[in-house]
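In the part that follows, the structures are each spelled out as structure tokens.
You will see chain A twice below: alongside chain B first, and alongside chain C after that.
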Partner chain A sequence: MKNKLKQIFKGGLGQLTIPLIAIALLVIFNLIRDPSFFSIELMHNNDGNIVLAGNLISIINGASELAVLAMGMTLVTAACGGQDISVGAMAAIAGSTFVKVLKASPSITGITVVIAFFAACVVAMLFASFNGVLVAIFKIQPMIATLILFTCGRSIAYWINGGATPTVESPIINAIGGFIPGIPVPTPVLIVIAVAIIFALAFRFTSIELFTQSVGINGSAARLNGINSTFIKLLSFIILGACVAVAGSIAVGRLGLINHETILLDIEMDAILAVAIGGNSLGGGKFKISGSIIGAYVIQMLTITLYAMKVSSTDVKAYKAIVIIILVVIGSPVIKAKFQKLMNRIKDNKRKVSVKGAE
Partner chain B sequence: MENTKKFRREPLTDTQLLMTITIGIFFAMYLIAMAVLKGGFLRPQQIFDMLNDNAPLIITSCGLTIVMIAGGIDISVGAVTSLVVMSCVLYLNRGGNIFVSVLLALGIGLAFGLVQGYLISYLEIQPFIVTLAGMFFARGLTTILSVNPQKAEHEGFAKLRDVKIEISWLGYVAKNGNRIPARIELGVVIALACVLIIFLLLKFHKLGRGFYAIGGNQQSALMLGINVKRTRFITYIISGLLSGIAGYVFMMHTGAGNATNAAGMEMNAIASSIIGGTLLTGGVGNVVGTLFGTLTLTTINKIVVSSGLKDPWWQKITTGGMLCFFILLQSIVLSRRSKKKQS
Partner chain C sequence: MKKKIGSLVMATSLTASLLMSACTTGGGAVTPTEPTTPDEPAVVADDPAPAADGLIKVGVVNNPPSESGYREANVKDMEAVFSEANGYELKTAYSLKNDEQLQAAQGFITEGVDYLLISAAETTGWDEVLKKAQENGIKVYLFDRMIDVDESLYEAAVVSDMAAEGDTAVQWLLDQKLDEYNVIHIQGAMGSDAQIGRTGALQKQFDDGKMNCVVQQTATWDEAEAKKIVETAINSKQKFNVIYAENDGMAKGAVAALDAAGIKHGVGQEVIVMGFDCNKWALRELKAGNWNYDGQCSPFQAQIISDLIQGKTTASSKKIINQEKGFDATTITDDDINTYGLGE
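Showing the complex of A and B:
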């Protein structure tokens, strides 16, 4: 038992060390600053449902879209060694499709919502496979290939909407972005859990995780071993497309309208950041989805903490940047090696002292 | 014998090939616009307007080209430009000195370049994350300085801003009979000077060749005796410094600081570098190509606006389409060449 503990401390938690340290630091900081930050209470919302409320809930709830996108982004990063910077724009397209289909139907029922969601999924997957084809078949770097949709994606969403910001009003849409009557947990959180379970099942019962890693580490070696690396790269983009559709639908559900300019603005940067904080290499290869999910919550917790400290929403970015830099500096290989050296020297000194004492 | 040697042409390198394609497409597009759309495209002032509006973009793209040639990426350029504009405007409005404001602009750019370059090259952190943090920091700092737009009200600065080079024989006769000379802003001169200096640096200086070397193959560069870390450090310093200059030029063009200044400039700069034939993988690129990349990007926008597509979304969609075209073209050209080399 002791040995095992020692091993954990020695090897750290591997990839998850940095995100867990970050969460721990944020929790300690908040405990010192104001313990009531963590209070959770049951209260009645406007519709008369009993719901959970509190800073912790708003952290977990607010990071939902980010967490879903980070999961897909991790796969793309691992397989292609690059990031998709068009997720925000694609989410705008998916959200617009979602709203467009809902608007086209005479009344919004459960079935129409499901149909609309599938339409959004198909459209997002089509756009994602456009990116995927550029990356996998034409061998263009992901960041360049997705720059195209990053540039024009929001304009395409605008075009789908026909130059307006349409609203949808329905209890079902409100339930997607808010609470299902009778369940006190926010629906987006449930959706994130569902997506995470799907990922876990897919990794458990198929070899996609192994294949993705081997394609990311060395694509041509993977191909010589019989893995279709083009298909794996394309597949990672299509999965990201599905994640984008989920995130876009949640975002539409929260507000009940689609604004192509502001929906999930700058989320691509946050999603890439979540992947990086999760300890995944942005150069591809080995990955851990759990790291990215924790990374997403770290980012949201940081944001909410800053809001709680009365930092205005436009200024949050500057403070966020400082924390990010501190985190990546701690995690950088050079600093780690220096720290290791220092520890060794301290140990050596101790040994010398004890040897001298014995003499 | 000597004659044949003189006239034997070396095959174009990747850099030159991609640059030639871009320049060719730019001229073809402009000539077609002149023939079909007429109007403003027939006046030389159109080209000068394009340069006047895009001088800051040209300068930042130059910096980005260097960083990309060395195999890195810098997405903080737009935000740093915005921060420079805001801080210089605020400084001048408090009765500052113009000379000091130039130093302030350069200092801010240099500071960002130094910190980011140190973190990336000596601490080996991924450039995307570091410059992303730099972007967040600069944008956040800009809004902390002022959320509201600030107009520069400094007499000396107003004089400096109005310095324009007028070429009367390139002008045109306006409808009311007045002859309007062609106007070039001071910023354009600075931008073209930057392009020239960087072109010479990349082409003839040891340091510039080092950029290509570390971008092409880091390991080989190390074995050739190039100080890889220091060379990479210098690319970010140059990029930061150029963002500072771009910020000052931006301020000379608009004369006001706004938190949303230069929004999305980093992606435009990356796009112009790519259209100009720079590869994000490093080792390939040319700053003259970047200049034409910027002009191509602007020409597309001008054509869309003047060809009567009124709906607001067409501009960006056509830009995206053109970007897609250029990227695909590059990919096909390069893959065909590498196949030819192998056979």
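Showing the complex of A and C:
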């Protein structure tokens, strides 16, 4: 136990140290500010279900889309050394497709929802592979390549439904964004867990994690070792496409409507931040998906904390920026090296003191 | 070979997407195809010279329908009223960018329309174009948005009074005679006309101490953000009995948060829900008694302008205020929903 603690203080948790410390600080800050901040209650919602409620649930529930996108973004970042900035626009396209198929069917049943989700998946994967082809085959900088969809994606989403805010009314859709009758945990949280498990299984039973890392660290070396780096890069984008479809469908489910202009607006920046806060190098290479997930929750906890403090939502972004700058700077290699040096000096001094004491 | 096909697919998809983005940013702007030569005498006529086929030529410079539900309804209304059946030949240009709008207006002038209808992206930069229109005997009507120019340069401006819209809504709220008003106020994008008008009336009540402001936050028209704001208020045990959301989407977001927390809302319930824009789906919520009030900023200016053009009515002043409506859940009818609702 003592050793483990020591390990944590030494930064032995590796890249997870910073995001975990950030969460701990936010929790402590909130507990001091309002001891009941994290209290969880069971209550009846208007559909008559017994559900969990409270700030903690809001945070975990609200970060769902971000968490799913951050997982996909981590893969793209690791493989290509760049980020996809079009995930928000693509989510608008995927969500619109989801709504379009639902509206086209005469009645919304479980099967139509599944079909609609698969349609959204296919469309999102197609658009994602468009990005992927630009990056993997044409070797265009990821940020430039994805700028195209970032610019026109929301207009494409508008064309799909041809209306400003199409709505879908169905208990099944409500269940996707809210609660399944009889289960008190919000469905989006369950979806995040399912996606995380799928990632874990994929990493456990295939070599995709190793391949992605080696492509990210040195593409040519990976190729010489027989890894098809073009394919790995393309694959990372396609996986991100699937994540985008999941996030878009959750977002539609929450309100039963899609507004192509505002759905998951600016989420790409939060997703990239989540990857960065998670201690992953934005230059590609080694990565930890768990770090990105924690990063997503850090961002959401920060937002909810600021709202609870009645900070005006126009100012929230500025405060968020300040905290994130601090986190990213602390996590930077320069500061880490300095910190290590400082620790070593303290240790040296201690040794000297103890040596002196012995004399 | 494989690579070749790959690059071919790539190239086509690239062009396609570029075309798409071009269409959307340009909004399918109508660019004039036949520029007149400078020697050609300008058509000067006091009354509109009817086109050869007897149709009145109308050029409409507007924002693209994809901008909002409001704009979509506005564009549809224009197309319906200025139809060939009504004796008009309609030319349209849509853009969110002022310079593109100016170019389109210029194009309409050289093409020789009889009337120019403008909803400008920005209030400035229109002097030259409007002067040119006047020189060419083209009459200008402004709709939805004002322009910073001398009044003599246009016939009339048919606009919405955003402040009146806010006043109507707040007056309705006062008429409910609640014992106390604890309001969650969800604002639109700060600085937009709609936000300023809809906030103004309510802010006055807060300042006069007649209503309590529990939370006042902007969700920048974002439904999900509105939900987050209300969720946080519920979690921190704030007491409230009114939700005043500055558009329908945000009201829907707020209601989703109420539903999740098991708070009853609507006619005769714990919390009063107010929205704006009058989307059809929102009016149906009203009819079902889930919401209480929906205010409208009317997008229907075409008929008023058409009546002015045909001389059926005359403008008493340059600025014509479009009548705004507000719907109460207890009195709304299916006819109202079909006539005044936006979208589907």
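Points to keep in mind about this one:
Keep in mind that, in the parts below, the second predicted complex is superposed on the first by the 337 of 359 C-alpha atoms of A that agree within 3 Å, B and C clash if a C-alpha of one lies under 4 Å from a C-alpha of the other, contacts with A are read in each partner's own complex, and residues count from 1 in each chain.
The definition used in the following text is that a contact is a pair of C-beta atoms (placed from the backbone, for glycine too) under 8 Å apart; a residue touches a chain by one contact, two chains touch by 3 or more.
Because the structure is predicted, anything quoted here is derived from the model rather than measured.
Residue contacts after overlaying the shared chain place A:149 against chain B and chain C alike. With both structures placed on the common chain, the touch criterion links A:134 to chain B and to chain C.
Within the superposed three-chain model, A:206 lies out of touch with both chain B and chain C [touch as defined at top]. Touch criterion not met for A:349: it reaches neither chain B nor chain C. Applying the stated contact rule after C-alpha superposition, one finds that A:163 touches each of chain B and chain C. With both structures placed on the common chain, the touch criterion links A:276 to chain B but leaves chain C unconnected. Contacts of A:178 after superposition: chain C is touched, whereas chain B is not reached. In the superposition on chain A, A:54 makes contact with chain C only, while chain B stays out of contact range. Of the two partner chains placed by superposition, only chain B is touched by A:317; chain C is not. Chain A uses residues 134, 138, 148-149, 151-152, 155-156, 158, 163, 312, 314 to touch chain B in one structure and chain C in the other. Listing the residues of chain A that touch chain B in their complex gives 83, 134, 138-141, 143-145, 147-156, 158-159, 163, 269, 272-273, 276, 282-283, 312, 314-322, 324-325, 328-329, 332-335. Of all residues in chain B, those touching chain A in their complex are 73, 119, 122-126, 128-130, 132-137, 139-141, 143-144, 147, 259, 267, 270-271, 274, 280-281, 311-317, 319-321, 323-324, 327-328, 331-332, 335. Partner chain A is touched in their complex by these residues of chain C: 6-7, 9-10, 13-14, 17-18, 20-21, 23-25, 66, 68-70, 72, 190, 215-225, 227-229, 231-232, 234-236, 248-249, 252-253, 256, 258-264, 279, 281, 342-344.
Listing the residues of chain A that touch chain C in their complex gives 34, 43-47, 51, 53-55, 58, 62, 130, 133-134, 137-138, 148-149, 151-152, 155-156, 158, 163-167, 177-179, 251, 254-257, 259, 261-265, 303-304, 307-308, 310, 312-314.
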